[in-house]
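Shared chain: chain A. Partners: chain B in the first complex, chain C in the second.
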Partner chain A sequence: MTENATRRFIEDYEARREVLPGVDGWLSRHREGAIRDFAGVGLPHRRLEEWKYTDLGRVLEKAGIEPAPLLEGAVLLPESRSAAVFETIDRHVLVFVNGRYRADLSKAARLPKGVEIHSLGDVLHEQWAKDLVERRFDEKRQAESIVDLNTALMSDGACLRVRKGVKLDKPLHLFFFSADAGASHCRNLVLLEDEAEATILETHLGEKASLADLVLDISLGVGARLNHIKLQDEAESSVHIATMRARLAAQARLSSFTLTLGCGTSRGQSFVLFAGEGAEANIDGAYALKGAQHLDQFCVIDHAVPSCNSHTLFKGVLDGESEGVFQGKVIVRPHAQKTDGRQMTHALLLSRDASMNAKPELEIYADDVQCAHGSTVGELSKDALFYLQSRGIPEAEARRLLVLAFLDEALDLAPHDEARESLRRLVSDWFAEADI
Partner chain B sequence: MSMLEIKNLHVNVAGKEILKGIDLSIAAGEVHAIMGPNGSGKSTLSYVLAGRGGYEVTEGSIRFKGKDLLEMSVDERAAAGVFLAFQYPLEIPGVTTMTFLKTALNAQRKARGEEELDAVRFLKLVREKAKPLNVTDDMLKRALNVGYSGGEKKRAEVLQMSLLEPSLAVLDETDSGLDIDALKTVAEGVNALRSPERSMIVITHYQRLLDYIVPDVVHVLSQGRIVKTGGKELALELEKSGYAEYGADAA
Partner chain C sequence: MAAVKETVETVREAEKYKYGFFTDIESEKAPLGLTEDTVRFISAKKDEPEWLLQWRLDAFRRWLTMTEPTWAKVSYPPIDFQDAYYYAAPKQKVQPKSLDEVDPKLLETYEKLGIPLTEQKMLAGVAVDAVFDSVSVVTTFKEKLAEAGVIFCPMSEAVKNHPELVKKYLGSVVPTSDNFYATLNSAVFSEGSFVYIPESVRCPMELSTYFRINEKQTGQFERTLIIADKGSYVSYLEGCTAPQRDENQLHAAVVELVALEDAEIKYSTVQNWFPGDEEGKGGVYNFVTKRGDCRGANSKISWTQVETGSAITWKYPSCILRGDNSRGEFYSIAISNGHQQVDSGTKMIHLGRNTTSRIISKGISAGKSSNTYRGLVSVHRKAENVRNFTQCDSLLIGDKCSAHTVPYIETKNPTAILEHEATTSKISDDQLFYCMQRGIGEEEAVALIVNGFCRDVLQQLPMEFAVEAQKLVGISLEGSVG
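== the complex of A and B ==
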């Protein structure tokens, strides 16, 4: 089935190659190379170790591979709690509907000097954008073939550049809404120069049979700091494939947190490359799945230089027939001494039919390092439930209390105080209504 | 009036009969001690009263304040006034003691059709109840029972009891794991809760606890049956002679 989906993507590219942004410059050549690579490897299939648990070809048979319609008129944005979760935060907002930037719905005025926010089409002539797009992170390219697909088809996206020593005054909120069936291909670029700081919030909402294909390319200069929070709450028939690729210079810090409360089939990939000493990366997340939802988290942290710290914690609860996947790898290169790398994943199964596949890996070639990885899959403790009930707490409430307590450790890691509290309330409300 | 009326109670655990016909009647305001060797069914009785799963009542009845206790769910029993102080209180990571206490108290109040307490009134009440038990603000802010010492766990249990004001408190081996000072603090807390409207069942292996919580009636449980009932002096006799004459192996 992957052949069919691969062919349809290639046909889509051929049909639209002349109208995609950057047609007259380096990008069109780069797109040609990307689609060639994509065609060579094809859409990832389950015979590849990296894709063992997620059958992208099968789900894409149902979701729209062809582009979602271009909506230019009035759009009704969802009024769900998830849509509103960051509303109380003073922020810049860029709204994308069906993968296209909507200036009329966005609000990003009076930016500090040294901050540039553009849509993708406007920065393609700039060298920094080219540098970010052209990078490679995955030696075997099996996880990056979906990045090739994105490179070939990317139609829009948000691009943030913060100049040396400048701090983005308030969070930049990227709001993605797939209003219709069909695919949207977005490429977001973030360049924080030396000592620059920014916070990015992402919201992803999708209606039925939509495909959100996203790549977030990040480059952090010396001592730069990026806080990143992503909320995903999409329809059960949607497909979401997202890759974050981050390169960190010395002393840089990236803290990225993803909360997934709704998805159909979702694959989230994170690649972090330490390129300078003393840098730190926190790639964390929490999720709650039900029904037939499928969430695959794939995370590679490459300690290519000494003295960097990485921390990964994913915690989730799975109900119904949902499936969770965590595949993580911490690579410590031969000379990367004094590395501190931690990778943990914990899942709570609330139903007999839910499942979790976890595969944390360490690849260590240096000898003076501290690394740990671990994985647990369990269910709610009957003893704990009985204890709470014996104090008069009804069973449903006792379950919620225990589940929220379980997720709290991960939610604590969301790197923005106000956003974290909003997410906590959102999760609590979600469970109050979820009948779990 | 009778607070608790147990008649001919037979209970199986994993297919094996543990309680083999218990009859026990406790009036309001009375404190009954249940003593017995290991494996006699003491803890089983406490769990059956609280409603824990896995305990199958095959025969008999339990009436609590005139109502059929066995028909009620675990939380309904709690709201109706049954409280079990655990021998080994559970650690609940991620739920602070304060949150837990407030959730429990308000859940019970709600179930009884009473108004829920707001944060300010609740805090005042908790502090008032916590002070005599040496339960500090720091303990209240920590996750429930996580990292508590044996004594702290038992004091936290008594605090819960004090806050929830049950009509029937079942204390399951409350003395286990306590040194003499901790035992005194816990016993004082329990004694402060004695009242004509509140009955207690004190389950213990040793007589020691009963020096501090003096019972009105003592029962000896052996091999799933109450084999002897007497006054508080029965506990002292047991301390001398042991449980051997009741057909139990020396513990």
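== the complex of A and C ==
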């Protein structure tokens, strides 16, 4: 079933291997290995446990996976609310159109000393980039094998390095826009050295039947802090596969928040590895789906060392025939005592045809730990609706209020004050227009 | 000095697996290995009708094309299915008519196991079907049950005397194609209990089956079928033990429950197969398929299990909630110690309207064991107003054991309310200190705290067995602290 799409990706690689960045160095060897591994396992399908609810192979069979055209001329960026959501924030902007960096549309000047921002092709000769690209969190993990596809075909991306003790003055905004149908393969690298700090905002927009294949590789040094906010508002015909791999040294803190307001078939993967004691990771998100949208959030938190905290909360609203998936796993390795791991997922089903699948997993090999997970699925409380209506609030308005209040708990966790308020306004406008 | 010696003896005694003895009894076995001939041999031994033989052969041919499941969180060396006996029966010339004719060695065995078979012990008021290796030895209280119209007999007898019921229900809940071990069981099942409760009858006593593996190198494949007709009620209990050996023995049973309109089945298990020695050598591989079908409206099926034995447990008693307003319950205590591996849980499949389910699972891992809860709650499109509550708690004793929770929650209907919660904790030093300071020994204190931890589940067991189970909880954890 999936052989066809797999073969097309391999052919795409064969055709473009000479023009992909890093052709004359270590990367071309690495790409060879990656495409071989990818060819060995093929595209994921539902018979794999970690892809149980998303048949990526089948979806891509129908999607356009030829590379999106390279646009060099003038591009009309969208003017939707989602596109403008971070505009009021003073920020550096890197714009990617069809998966290619556009210097003419970007604005990242006067960076503080100790901050480097490059596109992928420019850092491939550096050791830190090599280290980030080459690492593998778990050989056996079925979900991570899709990263091989990205490694083989990645053609551009944003790379941020912040030196020891330096703080990135303004948020870095990565703006991804698919102007045409077709595939784009981006690799973003983030290295925060000890005690460094940064905030990254990501926007993914597109109206076409595009395939966005993204990997975000993060390494945080001792005491480093990274805030990450991602907004996704893409066409219903799009496919989005995003993997975040983060390694945290001692005392580091990662706060990542994803808001999905539009997608076709989307799979968001987060892998967090605690490598030093006292680190903290918050992987949270909110989503509102309608139509035939499908969103799969897959999240693995690996407590490999003692005394780390992790927190995961995903809240979502499902309308139409949409399907939501949450698959989470908290692993507590032997000796990782004093771990605190929390994992929650809540979903509201607004329509008869929407569905939700959740699989919050705990895997614990140490005894002095506190781990909990919870999952609820249900519809809007009739009592609450009645209460609001009895006080003169029309039904549609009451439903909107309750849904917004439901999502608010997750939105609260977006780790940047201004961005959080913008997102909140965006969600509330979105529901004002949506017919729920 | 004598007192010290006595104490040492007692402790040694308590630490051992109490049921590890072997009864030296002449037995008749099928030839080693598994071929179509083995299946025909078993069928011929049981004097089965042609349709059942064909059913077995179909299952066997299908089994040959299947592969062993590997998704469970257990690891063991590959099983050589050709290096085992699939049928073993104590040699007996004629079928015993009463207990007096049963081989006294067998009776002695059951006496040692504490199973009330003999007349004086029948006062305990529980009807027992005793299964020794592949055959049923004796079923007590048959007459009294027959008065109420209840059929309680070994499966082979049911095939002969009630073929229409067996034909109608056998394989209707767990089809022969269900999974690797269920298919194997369908091909070679040798014994098991058959229960039929007629319409509007409340079974006058607890029914119980006692399974014993005795022979070396044998697998046990029993098949239990319980049918509760409209408006009836039955409570059923199974217990299991095996001798202590350093080889692994396979136990692949299938249990099918059918509850028609307004019927209720309560199925309790106290599983205490030999778990292997301290080094993890030997023990029973317990690969069991248990499923209940709430076929009629307002029916109810309740599973209660206390899992303390087996080297590996792979078992998911499930409920298919087909009838409107039906209810499924699953209460489980799974205790693992030493090198035991448990992967157990349940499936609640909500198909009917207003169906409800409740899952309470308590996993306790000690020593170097691994304990996994794996459960599915699934709500289908047409199942309105479904309600589910799931709670799975894990308790870890020591830092070399592990506890995992793998819940699957799938909803296709917005009116469903599903809740799942899980916690993991350990016995706190404060609790232990409090008990010890009042003169309670450490091990006893642990047993006390653990008993409190699983009280919700213990309360669900029939009274006679609750006491036994409580003791079992204590024994299973011996040697886990300090």
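Here is the rule we go by: the second predicted complex is superposed on the first by the 434 of 436 C-alpha atoms of A that agree within 3 Å, B and C clash if a C-alpha of one lies under 4 Å from a C-alpha of the other, contacts with A are read in each partner's own complex, and residues count from 1 in each chain.
One rule holds in what follows: a contact is a pair of C-beta atoms (placed from the backbone, for glycine too) under 8 Å apart; a residue touches a chain by one contact, two chains touch by 3 or more.
Note that the coordinates shown come from a computational prediction; the quantities given were computed from them, not determined experimentally.
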Joint occupancy of chain A by chain B and chain C, clash or fit: fit
Which of chain B and chain C A:H373 touches, first, second, both or neither: second
First, second, both or neither for A:E361, with chain B first and chain C second: second
Partner chain in contact with A:S307 - chain B first, chain C second, else both or neither: neither
Touching partner for A:S28 - first (chain B), second (chain C), both, neither: neither
First, second, both or neither for A:S390, with chain B first and chain C second: first
First, second, both or neither for A:S237, with chain B first and chain C second: neither
Partner with the higher number of touched chain A residues, chain C or chain B: C
Lowest C-alpha to C-alpha distance for chain C against chain B (Å): 15
On chain A, the residue positions that both chain B and chain C contact, one per complex: none
Contact set on chain A toward chain C in their complex: 49, 334-335, 337, 347, 349-379
Partner chain A, residues of chain C touching it in the complex: 71, 381, 394, 396-426
Sites on chain B touched by chain A in the complex: 50-53, 73-75, 77-79, 83-84, 86, 89-90, 92-95, 99-100, 103-105, 107-108, 111, 143, 160, 164
Of all residues in chain A, those that touch chain B in their complex: 381-384, 386-395, 397-398, 401-402, 404-406, 408-409
